[in-house]
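Take a look at the structures below.
Two complexes come next, and they have one chain in common, subunit A, joined by subunit B in the first and subunit C in the second.
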Partner chain A sequence: MMVKEEKGAGGGNDIQWCFSQVKGAIDDDVAEADIISTVEFNHSGELLATGDKGGRVVIFQQEQENKIQSHSRGEYNVYSTFQSHEPEFDYLKSLEIEEKINKIRWLPQKNAAQFLLSTNDKTIKLWKISERDKRPEGYNLKEEDGRYRDPTTVTTLRVPVFRPMDLMVEASPRRIFANAHTYHINSISINSDYETYLSADDLRINLWHLEITDRSFNIVDIKPANMEELTEVITAAEFHPNSCNTFVYSSSKGTIRLCDMRASALCDRHSKLFEEPEDPSNRSFFSEIISSISDVKFSHSGRYMMTRDYLSVKIWDLNMENRPVETYQVHEYLRSKLCSLYENDCIFDKFECCWNGSDSVVMTGSYNNFFRMFDRNTKRDITLEASRENNKPRTVLKPRKVCASGKRKKDEISVDSLDFNKKILHTAWHPKENIIAVATTNNLYIFQDKVN
Partner chain B sequence: MEVQKEAQRIMTLSVWKMYHSRMQRGGLRLHRSLQLSLVMRSARELYLSAKVEAHEPEVPLLPVRSSDPRLHQLREAEAVSEAAPPDSEPPSPEPMDTREAPRAEETPAPCAPRPSKVSRKRRSSSLSDGGDVGLVPSKKARLEGGEEEGASSEVPDRLQPPPAQAEGAFPNLARVLQRRFSGLLNCSPAAPPTAPPACEAKPACRPADSMLNVLVRAVVAF
Partner chain C sequence: MMLSKGLKRKREDELEKETLAVDAWWLGPRPPAVAQAPPAVASSSLFDLSVLKLHHSLRQSEPDLRHLVLVVNTLRRIQASMAPEAPLSPVPSPPPAPGAAADSLLASSDAALSASMASLLEDLSHIEGLSQAPQPLVDEGPPGRPTSGAPPSLGALDLLGPATGCLLDDELEGLFEDIDTSMYDSELWAPASEGVKPGPEAGPGKEETLELDEAELDYLLDVLVGTQALERPPGPGR
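And now, the complex of A and B:
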């Protein structure tokens, strides 16, 4: 799929990123429910959805500014807010089910309404978001406020008419897909047939039809007969963007399996296994856990896929299984700090990654509210910071640099002064333009390239 | 020695994290439990492979530093040398819960069932090293890097809590965990749980027991 290249959209360093907006509370006291847990643009990029730990979904809409200008950059404003999931209690297991939204995925738009899937640990919901800007007035049997009129007082009949009203955006749950996952759901992915989707938990992947809620097909099951023999879990899964029969899933051991649903009903046997042999010089005490893949994303073209493990981003060519074609180090300076990161639990952080619209640049988050972009063509990378200090619109972001060891240059930050509580786990890139959404703990930053 | 302490510290930390994760909202996370048990297994392998230096007197309140590069070096050295199976171990006076979760996932090699043989070596109680209670093989391949000093290890003849104090918000619990851990590391599946030893205070025993039960349920529950 070819995406029209925009001028200056080539690379992370060719373009200058500017602050555009920041959403969320200003105070440092972060309410746990406000912690952003997922960010996703829709297919046109006009809508931007976020999910949080409190089970809410907030959708922002890009304002359609001056359409005459070809590079118009509208602001994103709140379009709709709704409570997607509530906390639940599993009485059989005596477990609370968190309402945190793990993933949001948009369906392509087919009519005036928008549809998205949102999921917590156990239940997936299909939401319809529709606009209402007219309301009927002039009923015969009802007053304007809804009270019923006494039929005996009706002497004439009139036809109700639609009159304009203030825009109201309504979100309603259209389907609820529940009770299909024993373990915690980590991924959902909509098939390119736009009729089915998959949901993945630690040990199983299920295939659903969007219209059918009372059953799903199990297509991957890696649960061992004896749980004591468990060695790996599924960490992420995604459908191929073009081939409706192909999907991949990543594991905690750093492998990715590509499966073809035409081969068999149960895709336990992979068609391809992508695995890079471990570099023995990097072997350490925590090697096993930092090789766990936290995210896998296909490129828009479908030719490549990207994986994120704790320290790096890897690009794989689907035609080559034995090693990635590109590897980018996100924060290699943390390799010597793994023990401390284990102590403060940071080593378990699950970073996501994303492609730009033309698949030429990839982006992922790091600590200290830093995020990184890697240009695949120029091989240059850039580190930027999401901070309220640079919050004047059109302020160009200054590249940041972390000093791993030795003498710290001016403007560099030493590893020891990084704030590991400020982490960027979720980022999203507009499908067509150079607009990115970066989520810090409870704030959403929107950056865009400098428009002249 | 320091590597051993570090390994023990990490094991204690891992147990604590496992226990803590059981209490979190949303229930036990399978992936997290698996990762914790992997680290614990690595730590235990490291611990078992490290040589005990009994004639180095135990210094209480040794500062426990993160020593990743050294761990790394040691791991490499250990990977080079063979891990000889221990040929003796003292009977542990501490109750053994053999059902603990992390052990369920380890390879049998480091903790193969051994016949309980009385060590032929004379035990010197004056040089007891509490940190290695009930564990040490008397004949071990030497590790390189000068981490241990020569002679074969000596096994303490009675259980002593490791003097190295864990730092943190729950020093008592950490102490209990460490004490527990010394017993847990005595990988003798044949040893049935016995009555708690006199040296262990009863109140301290209880939380540890429930912790173990929690651990048991933690991974096997599914």
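And now, the complex of A and C:
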């Protein structure tokens, strides 16, 4: 048995995170199309979907066999790959529409097939992923290879019989929700009624019915009459996990608005406004940029929501609007580097965040392929790295530390040595188990907690 | 090296040194005794950088609205701090009347500063003029629609100086107004005001634009029919 190298340094009940798998190309020459742009587990955690800049969706499925063996959980293997979106050209505006997948959201499973929504900047698609493990054999008019038989040779009639075949996973687009967004879609969120969903772009939020593609309802519109007065955009939106009339949306000014669709058809007036007053001692030219919220996620319980801005993660109690109940600093050492980060545009990076299944730990990414976890109960945090150096399965990840100033201790990394090209923007946590998926630029890492 | 791909610019090294040196100064709480000599230089570097970013953003065929808005808002803050006599508005709350705030800033801004900004932007526009690919902005409206001239009320993006007003107007108007939402909006959507929203002061509203387009088409059709009619003996109606 492996000797514990670090004493209880894990986030969340002394979890020790181990490398499990890495997906994607090994070489450092990253093809633009392979850049991962979204990661999402389905509701059971059995499936893990990724979307990339090339418009492709890759779905991994967890093996079930190894559950009996206690030393590891099932591995994730490729289940289905398909081209979700293609590059398009808007002839009216002479603009190319990027095929990059911005978000994937799974529908809860209702039958044998799986459904997910995937979106690029302009169009949302509902995909059905189904398995086929049988095929009909013994057609009357066709040969097995598909060629039509000579009709004169058909002398008897027979009923085709289903015979087993190698498993084939098919993805087919069932709905295409298009032409409803002038601006770039940043979020999609499925309602708890499982019949409707919202899509949000920079200035508007629309409500759709999953069955209806030719119309949607605009529920939020913050576009000013005069575009020159535009000072704020929508950055993320999500439906409440239990309350089907409630959703939130965040803005580039660091505010979150909670809206109730029962109040009016157009939810331009919020029911609640969550905003933390600015700390005057931290004021700078970049205050607004770093307050811009890049992600908002409700807790599974629905009682809290989490927001990610450039330097921190904040947990809000839905009953308290004037300040968050918890704030976690992700990389405070960057505060003195904001000018350089503004210069190289890193200050505009949009990091996502996620909850674990029990809402006790939250996770988010950082630079240098570091990602951070914060345990809400113990108040302990940990920094880990997604790197090919820790590639052996069941290798316990060593906690990392950034030295902000002063003398750098052994094993610490100084701020100036951080690689700002290696950013972890997308992370996901299995809904039930301690399995996490962390996306570097073009690789997907899967880590699990150590099972003794 | 900490910086990833930065903007390519002529004064790269100079700018880098200035901006990095300035890090500690303006981000910490300002002790009252600190000499104000470096600020003018440092602020103008950051200002230049922001203007460059703004131009870079505008040059994109479809700018990232969030990036654009954040850069513009930051530019406003920087200009607010650069204007020596201008009262610094409380930063957290957005000014209720952006036009009024910009007015007061312009009134008190340093003439020399304005002149240097204007010349910088002129340089940039020269470069832009050479490199900008012609874009068929089909929904811009008929040729008669005025595209230059500063609109009477100053928006957030006009604070860069009256000399630069017309310079940026074209692109800004083009940026914000070329998005013809009538192509995407459906009548089932609220708000009802969308369709009757007043257009910018410099141009007609959307319905007018559409009507003029139709008028143009009618005219074209007439011309076509007319030329055909010349080849035939004139009928009773003509």
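We adopt the following convention: the second predicted complex is superposed on the first by the 432 of 452 C-alpha atoms of A that agree within 3 Å, B and C clash if a C-alpha of one lies under 4 Å from a C-alpha of the other, contacts with A are read in each partner's own complex, and residues count from 1 in each chain.
Quick note on the criterion: a residue touches a chain if its C-beta (ideal position, glycine included) is under 8 Å from a C-beta of that chain, and two chains touch if they have at least 3 such contacts.
Quick caveat, the model's predicted, so the values are computed rather than measured.
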{"item": "Fit or clash - subunit C, subunit B, common subunit A", "value": "clash"}
{"item": "Touched partner set for A:Asp34, first subunit B, second subunit C, both or neither", "value": "neither"}
{"item": "Greater residue coverage of subunit A in the superposed arrangement, subunit B or subunit C", "value": "C"}
{"item": "Subunit B versus subunit C as contact partner of A:Tyr342, first or second or both or neither", "value": "both"}
{"item": "Subunit B versus subunit C as contact partner of A:Glu326, first or second or both or neither", "value": "neither"}
{"item": "Subunit B versus subunit C as contact partner of A:Glu88, first or second or both or neither", "value": "neither"}
{"item": "Contacts of A:Glu131 with subunit B and subunit C, given as first, second, both or neither", "value": "neither"}
{"item": "Partner chain in contact with A:Asp260 - subunit B first, subunit C second, else both or neither", "value": "neither"}
{"item": "Touching both subunit B and subunit C, residues of subunit A", "value": "93, 95-96, 182-184, 202-203, 227-233, 235, 252, 283-286, 288-289, 292, 336-340, 342-343, 345, 348"}
{"item": "Of subunit C, residues touching subunit A in the complex", "value": "2-7, 15-16, 19-20, 22-24, 26-27, 29, 46, 49, 53, 61-62, 64-67, 69-70, 72-74, 77-78, 81, 91-92, 94, 98, 135-139, 151, 155-158, 172, 176-181, 183-186, 188-191, 193-194, 197-198, 200"}
{"item": "Subunit A residues within the subunit C interface of the complex", "value": "92-96, 179-184, 202-203, 206, 215-218, 221, 225-233, 235, 252-253, 265-266, 268, 277-278, 281, 283-289, 292, 335-340, 342-346, 348, 415-418, 420-421"}
{"item": "Residues of subunit A touching subunit B in the complex", "value": "90, 93, 95-98, 100, 121, 182-184, 202-203, 227-233, 235, 252, 283-286, 288-289, 292, 336-340, 342-343, 345, 348"}
{"item": "Complex contacts: residues of subunit B adjacent to subunit A", "value": "10, 13, 17, 25-27, 29-32, 34-35, 38-39, 42-43, 46, 66-69, 71-72, 75-76, 104-105, 219-220, 222"}
